[in-house]
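Look at the two complexes coming up: subunit A is in both, with subunit B in one and subunit C in the other.
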Partner chain A sequence: MNITQLLNQLPGAAAQGLIWGIMAIGVYITFRILDTADLTVDGSFATGGAVAAILITSGVHPLLATAIAFLAGLLAGLITGVLHTGMGIPAILAGILTQLALYSINLRIQGLGTDLGSRANVPLSINKYKNMLVSLRNVGSFSIENPIWLMLLITVVLIGIMYWFFGTEYGCGLRAVGSNQQMARAQGISTGRGKIVGLMISNGLVAFSGALMAQYQGFSDVSMGRGAIVIGLAAVIIGEVIFGKLFRNFALKLLAVSLGAIIYYLVIQVVLWLGLNTDDLKLLTALVVALFLAMPYWKSHMAARRMKGGKPVV
Partner chain B sequence: MKKLISMLAVLTLILSVCAFAGAEGTTYQVGILQFVQHPALDEATRGFREALTEKLGDSVVFTEENASGEVPNCATIASQLVAKQVNLIMANATPPLQACTNATGDIPVLGTSVTDYQSALEIELVNDATGINVSGTSDLAPLDRQAEMIRELFPEAKTVGLLYCSGEANSIFQIKKVEEYLAGMGIECKRYAFTDSNDLASVTQTATECDVIYIPTDNTAANNTEAIANIVIPAKVPVVAGEEGICKGCGIATLSISYYDIGRKTGEMAYEILVNGADVSTMPIAYAPQVVKEYNAANAAELGVVIPEDYLPIGE
Partner chain C sequence: MLVLKQLYKTFNPGTVMQKTALDGVTLTLQPGDFVTVIGGNGAGKSTMLNAIAGSFQIDSGSILLSGRDITHLPEHRRAAFLGRVFQDPMMGTAASMNIEENLALAARRGQRRGLHWGITASERGAFREKLSTLDLGLENRLGSKVGLLSGGQRQALTLLMATLKKPELLLLDEHTAALDPKTAEKVLRLTSQLIRENGLTALMVTHNMKDALALGNRTIMMHEGRVILDLNARQKQTMTVEDLLAQFEQASGKQLANDRMLLT
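For the complex of A and B:
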């Protein structure tokens, strides 16, 4: 155990955090802006990976493949949205249903062109597809190929686009849907359609992140989205707890989410470095997320105690 | 002044770290990335460690990590091992192999418990070698002999149900091959794919419509043999399994390789690379040194299956 090793590991954590950060921004849109917990993401993350992998292996440029993965994510969100608003299924259940369905769909997507018609794992070796956008291979190098630079650029551009979009009249309408549905409807906003659009954008970003992750790790796997929602939520909440006081602006709030994802991976990297048995990693993850979720609650209790007779704000 | 002191402290720390690394020149750092906690994979890792420790004693230091079955953890741990600049990485199962191969083009990567390197890495093997910094051992028991075994034990069987998890690339690969061999013998095959342990029972129930069931080296099946046994034994449908663990739980017979053996073999390959400077890119993929015909005595008696004499009973 020495400190230089830890320093060497940080770029890997940062790159992976930035990729998951995009996914977490997607989660932020549903969880915070639309105020719904969307569990589609475990499926749409893998959908993004599957679409990108199958396109790249069939010769499509990775940039285009990643863009198409985004479109596939939009579709996944559309399904959840229709299940929720058009069929009256509670949002959390609609997400779970889509996630379930996506498992089969992802197997089929990955199986395109094979004689079996379904495949669990598609390799995307950097040795073969040298023009992939990001790769684990270059994370330790000081070159322009280091995935961190591109991921930083993508994150900044993406936050810019989101900032612009949620500032337009339509975007403000979406935010109104999340903060007060009755009020939004009274203003003539179609809340059902608003939710669908929100879910679509969210899952589009999640699939986009999945596409980047598949390229980064060098393969796409049907189970790669397992537990994605936990990482996404963790990033959102860590970002809010640490930067909530500082960052009031909407763009900065999105940045906080991305930073939250990086911090999440740094924490994991550090505890691994400290010699934690990886068998206990999931327990630790749950504890970290629970702790950060509890912090705002505890804070409000403390604040209430300071005011005599005041009741905690829950 | 404070700044100066802290800078000096950091400097000494870095220097001592370098000195430490220099003095321990003969120590080999070996990273192990295992995909999931699982009896077969655990055995392979144990074999690997024991083989290397026997040869190198205290001069080998292991960093053993387990991705706990989560795919994204593989990339995290792979980049950690590369950053640690280990001398060699042992990747136990397919996702770790893929993540490690992508994480480094220089550090030798040895896989184990991987069935098919060609499809896992999307490369053509030349003389059984990968041509890149990857080699290792396969957990494949000869599939043509497994198909033979089905015919030998159950000459009357007309349909064979192939039971496997649709999410496991290795299983699908084996199912495809076995299907070809059985079809060549004029036996009809039906596929029964489950997605996870939740629908495993109902899919197994459907599969009992066949005369015989075949299960490949499927991780999900291996973790749920009790559930399978509770369905196939009362239904009197014999199971031929791709590995010993599954056969022990719910099967009649198997052509067995030992994961401990392939782990050991991987350890020997690691020794060749670390100490004798063998070139990993030309090292042929190795297979289990011995294959044994085994049977589950209790289940065979229960179903009244007559086992030929060259089969060994599976020990407890």
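For the complex of A and C:
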């Protein structure tokens, strides 16, 4: 185990964490603000990658391609939102349905212009598309080309925009929908429309993040979003556990999510360096997330036990 | 003001759970009426309020408010005209948002919500002033999460929110039932005060017969989804709780099956 080998990996982990951090902010919007677990993200992350990749390979400027990927994400969120509020399908199932459908759609998007009409992988070589926004090739350098700088800038601007939006009249209404639907309706807020808008923004950010990830890693893959929701939740939870007491302001809470994603990737690098098999990573992530999700439940259970004088609560 | 014409509602039709909650409710409120609503469990009191608020669609009948037919308007659209306080103190406020955010949401009830900042500085001052009239010390806690408040404080806040933007009709659904007697009394006093000061039209469901007789200018009694008794201000003055119970037995042919009502 060579320590320089680990140190060399850290900038890459930080860049990945920053990109996934944007996805995690999207997850935060549904999971924490709207109080819905949205599983669309596994699909919409790959959709973002697919849309950006196919546009970039057909000559569209990466900036525009990334923006269009964001729009595609909005559309994915809209579909889940309509399945949920317009067709009465439980949110979690609506997300799974969209996610599943997106797998086929993503294959088709990536296959645009090919003979087969569907493709699992689109290569995006930085040598060929030199104006891509981020690339892992420069992650070790100290130049302005290093994707970490741009990702930091994007993250800060994004947090600023989210802080503004959820402070507006409209954004406050969305937060009310997540906090208490009965109250929201009594104040004249359409909870159905609110959920749709929230899901759209969330998936827009997730697809935006997917578009950046495809450029960063130099390819888009139909399965690149597998487990995204769990990574997003991990980032949200790690951020809350570490910075929860410190960060009370909404903008800082979003920053905590981004930091959570970075920490997640740094820790992953360390456990890989310690000899964990890459194949076991998802199992480890799932275990860690399950544990952290259980903690508030256990805590309240123990508090209730104490109040009942040690007798078990039925 | 408010006209309810032959409201019918059956829940779970065609199942063993079938329950006729509203069985031809007809009621007309004049502007400025403060009507207290009493009746046994399952008499349809809350169902009537929820039908007015649009929590569900009624089977038949019509609901008119200030001449507008609101029968088929969705709940969030009716909110523009209605102020609501629920029995559950947790129901009327957003726990994860702070006091001023809740008030700011209520100040924009029924209005288009745009991309202006959610609370203005001038509003903050006005909120502080209004909160100080509650005498609960909330005026210094504008930034506190509502989830940290007690049930009584939350209910008082909900009441303030419901009247912040003057509603055409205030719906109070046993809003003091979940509070301890002392807090309940305080919230009730605040209720009368807000209704009087703002000249509001109000429907208040209560399980407390004394309160029902003491407050408002009119009392209606419901039984099995119908209005079976309608007392005006003059009749209320001479009526005692015992008279009311006797009236109930006469009108319904049954003993009033509500322990809560008899005990309080």
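The criterion applied here is as follows: the second predicted complex is superposed on the first by the 292 of 314 C-alpha atoms of A that agree within 3 Å, B and C clash if a C-alpha of one lies under 4 Å from a C-alpha of the other, contacts with A are read in each partner's own complex, and residues count from 1 in each chain.
Going forward, a residue touches a chain if its C-beta (ideal position, glycine included) is under 8 Å from a C-beta of that chain, and two chains touch if they have at least 3 such contacts.
Note that the structure is a prediction, hence the values are computed from the model and not measured.
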item	value
Overlay on subunit A: subunit C relative to subunit B, clash or fit	fit
Partner chain in contact with A:252 - subunit B first, subunit C second, else both or neither	neither
Which of subunit B and subunit C A:140 touches, first, second, both or neither	first
First (subunit B), second (subunit C), both or neither touched by A:71	neither
Larger contact residue set on subunit A - subunit B or subunit C	B
First, second, both or neither for A:179, with subunit B first and subunit C second	second
Partner chain in contact with A:103 - subunit B first, subunit C second, else both or neither	first
Subunit B versus subunit C as contact partner of A:293, first or second or both or neither	neither
Three-chain overlay, closest Cα atoms of subunit B and subunit C, distance in Å	35
Common interface positions of subunit A, toward subunit B and toward subunit C	none
Contact set on subunit B toward subunit A in their complex	13-14, 17, 20, 37, 65-80, 82-85, 94-95, 98-99, 101-105, 119-123, 132, 166-169, 172, 176, 195
Footprint of subunit C on subunit A - complex, ascending	165, 167-173, 175-176, 178-180, 182-191
Residues of subunit C touching subunit A in the complex	53, 74-77, 79-80, 82, 84, 86, 90-97, 101, 104-106, 108-111, 113-118, 161
Of subunit A, residues touching subunit B in the complex	2-5, 8-9, 11-13, 15-16, 20, 57, 103-104, 107, 116, 118-121, 123-128, 135-137, 139-140, 213, 216-219, 221-224, 226-228, 231, 265, 268-269, 272-273, 277-279, 281-282
